[in-house]
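Structures are listed in the sections that come next.
In what follows, chain A forms one complex with chain B and a second complex with chain C.
Coming up: the complex of A and B.
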């Protein structure tokens, strides 16, 4: 059974996604689909809060890769918050960090995004 | 992160990817989910946003796209890559081919348009035991970074693993297809077998216009009782076959005797009484998948008081199947027109059977049969098995008597 869940919401023009558990299975594609749906609905500022993420493998990385690709296509902003050191290292190695903004927590990400038009 | 540390991390990450791939390849997911996960392992490992997995169709000589990732074009699922035998011979097994190096090949020219749609930069042919089973196309790496040699090495290992998984899945599908084909053939043979037996039964009954469909009705009634008694499916099937063939021995009886409207002479009675033995002689040579068919037909004129024929067996020597056939054979004879008399109504039939219950017919079987018939008459039974075979059943008295006697 998949040890992954996702809660998501949008506040004004910002979408917040909170994945929980292991991002190591194609079941976690819901994260990619959710971001695609927000972008499709015109929300171009996305936050992913990693506080509940326990583990990311290459399948998970592939899902984030697609998210990055989509945000680039939509000329939108993707922010990561509450990242652990090992999450950060994986994303750095995969070259993803160049395309996302990383913040300590959601508040910081909000402040940054609210300043952006 | 220092360069040395980064190298080490990358190596660890690649090893981790291979472990992920191994887990996916051996998981219990269906092939499509397994392959999708494997493709994601590759794209995640190499930071490639677009990729596609193809399965080779050896008859059509093309590669069917089964999983695509990272392209928004919905028509991608219809993409097929042409892969003729001479093209495949030019591929290096499980080796990533940069498409720019293949620009002069016929394979590239044939599929140039598809590669463009897929945004493909790398073509990875998948071979398992030297057999071409599929391919992967990979797009540009994130940020346009070139593929490193180390990544190509990882791709080689991944390709080998995926090829084996695809190959095994193919073998499994082939096996499943063959099993399904065998099942269909078996069903067909079973149908032919049943049809042949039905044809035999029809041929037996056709000796006499009066006994038309007699065997079929006997078989149907016997099945109804057997089911009531909770017989197993296979045994129910067996009594049905026995019912259809119980009179096969009548082929040796002269038609004039069978059709005779007057009382039979002693010689004629003797001749007609040979048919259970002849039925047995014929059917005991057939290796049926059901048990005791030959004994059922041999003894269908035995009686529980030991006065039947051909063996005058005692009640304890008669099987339940024999007792069923004995009853339903007589029941059908009573409820259909015969050369020597008109058919009896249900009331008369019931009286006749009850007269012989405990001497000719087994009490429990008789009770089971008439209870079922009663329930069918009262509309309790959704799918009646006896009534449809009876013409104009007049059951007033029979129904009342049945209720009174609480059979």
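Coming up: the complex of A and C.
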């Protein structure tokens, strides 16, 4: 039984993924798979809402890295929202923050992405 | 001294210092070695370090000869000192030549017998030295000069430099002719100490060494208290020696002992009279040590040595008690006024206590040292000598003083199976502990992340060896210490004290991140080898919660 779950949806050309619980290898792989599906379906604006994320470990973090690489390959936009300070520090340590946009909440991320063609 | 019995395994916690010293003195064959002084408080392990340095030089290499001399306060006439110095040097040097251990212990050998021995060893340089000494020793100053320069003469003749290791050097301030100490006698060390082929490593009472001009100009190497990792390693070694690997010394007692190897050895050895002593046994052993054990005896004899007069010693004890229970620095004037002494009496007592290592002194002011064991010993001596308290009352006093502190420390232990996401159990426990103790939630959150990484690390390295990870959480005033132990072996790089990335798992960069993350979210991280395998200890300084909300949402863009 994993301590991770993911809910996702898409509105217009924007996909929103809401992971919950512990992002380890299982969690991050689930998230990576979901983002690949969105990208494969032509959705190039992705939002990851971290409000339900409890912990991220470094194995999960390394899978996040490949997810970020994928979004770059697809020339898509990746936004993170509702991040706790500790989560942000983990991503900063891995050097991932320069490839993503961070917003306070989904609405802010939505407004930003809607302004982008 | 039995050099042959010195085993590397018995010298836990000082390997780095030993390797550094060895490297320094071995530079003599390149002409780069310089004489040095080892500094540090009493009991910190300077003598032990010198003895192990001798042992390493004697047994492990052949390009530099070692000479160890421990100065005896009973042999301070120039002629007696020069004779023992010279004969011991030649014995040890000949012994080194053929690695003949028996010669190391030829104390009291006559110059004539040694001359014959030198001839048997075909050591012409030694025979020449002894001849020169026999001719010149009628004048004690000439004899002393010949003896002190003997290592250098042998280096020139044989081409093998000599590391001269002198312990308790401070006694040499008392070198005398006809009972009258003369400064110029110890000044004769200036020449041999400055020779590059004979680097001297000098140890002794630092306060007294500072007043000896030959030494004051030399580079000083501080012998530090043992760190956490070195302390653990030493304790493990001691417990194994006594067949009590199942025991562990209470963390609060460890902090009380301040990383002093002499204190550690005594308390652990005393506690191990009982097989597998528990926490209470360690505290009892400590109290017995400060009341009537070797530690108490050691400091009492130092006090007697510097203040032989009983009434002066009682005054000194009262003074120490006052200073150790005050945060102030005391001037001689204040001491004189407080204890109805003349200025010169106050100055003499304070100086004796400073030289003995009981007090720190700066710019005419005296303060207590940071040694908590010494504070307890002073309290015990004061209660016994000045207040005439019974042993039972004193023991109760110490129990009341020390054990309530112990109760402030709360410890939680858990055993995790190596199953998927078991690390979350440890993290959730920390969360509950934080709530129970009203600790800052942000800090607990960071520690949870670090502990998750440490547990994952332990599971990866312990795979296939053990099936469990042991997590200990100690909540102490202002800090939480979490230890994560598993059966994983030898993943620490000696030079850095950090784990080696496991090439087999292919997780190099990830585990590199793990360590980075652990360091980022804790205040201290140490890795220790244990009887089980490896233990990582994380320390986080945590204040009581001030109602800081955990949600701290990033606001960018």
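Note that the second predicted complex is superposed on the first by the 114 of 117 C-alpha atoms of A that agree within 3 Å, B and C clash if a C-alpha of one lies under 4 Å from a C-alpha of the other, contacts with A are read in each partner's own complex, and residues count from 1 in each chain.
In this text, a residue touches a chain if its C-beta (ideal position, glycine included) is under 8 Å from a C-beta of that chain, and two chains touch if they have at least 3 such contacts.
The structure presented is a predicted model; accordingly, all values stated were derived computationally and were not measured.
In the superposition on chain A, A:15 contacts neither chain B nor chain C. Once chain A of one complex is fitted onto chain A of the other, the partner contacts of A:66 are limited to chain B, with no touch recorded for chain C. Judged by the touch definition given at the top, the superposed model places A:78 against neither chain B nor chain C. Residue contacts after overlaying the shared chain place A:47 against neither chain B nor chain C. Shared-chain residue A:57: touches chain B and chain C both.
Using the contact criterion defined above for the overlaid structures, shared-chain residue A:24 touches chain B and also reaches chain C.
When the two structures are aligned on the shared chain, A:88 is found in touch with chain C, with no touch to chain B. In the superposed model, A:98 lies in contact with chain B only, and not with chain C. The intersection of chain A residues touching chain B with those touching chain C, taken from the two complexes, comprises 24, 57-59, 61-62, 89-90, 93-94. Considering their complex, residues 420-421, 423-424, 427, 442, 445-446, 448-449, 452-453, 456, 507, 509-511, 513-514, 516-517, 520-521, 550-557 of chain C touch chain A.
Those residues of chain A whose C-beta lies close enough to touch chain B in the complex are 24-26, 57-63, 65-66, 68-69, 73, 89-90, 92-96, 98-99.
Note for the complex: chain A touches chain C at residues 2-3, 22, 24, 55-59, 61-62, 82-86, 88-90, 93-94, 101-105, 108, 112.
In the complex of the two chains, the chain B residues touching chain A come out as 1, 6, 9-10, 13, 16-17, 20, 24, 33, 36-37, 40-41, 43-45, 47-50, 69-70, 72, 141-143, 145.
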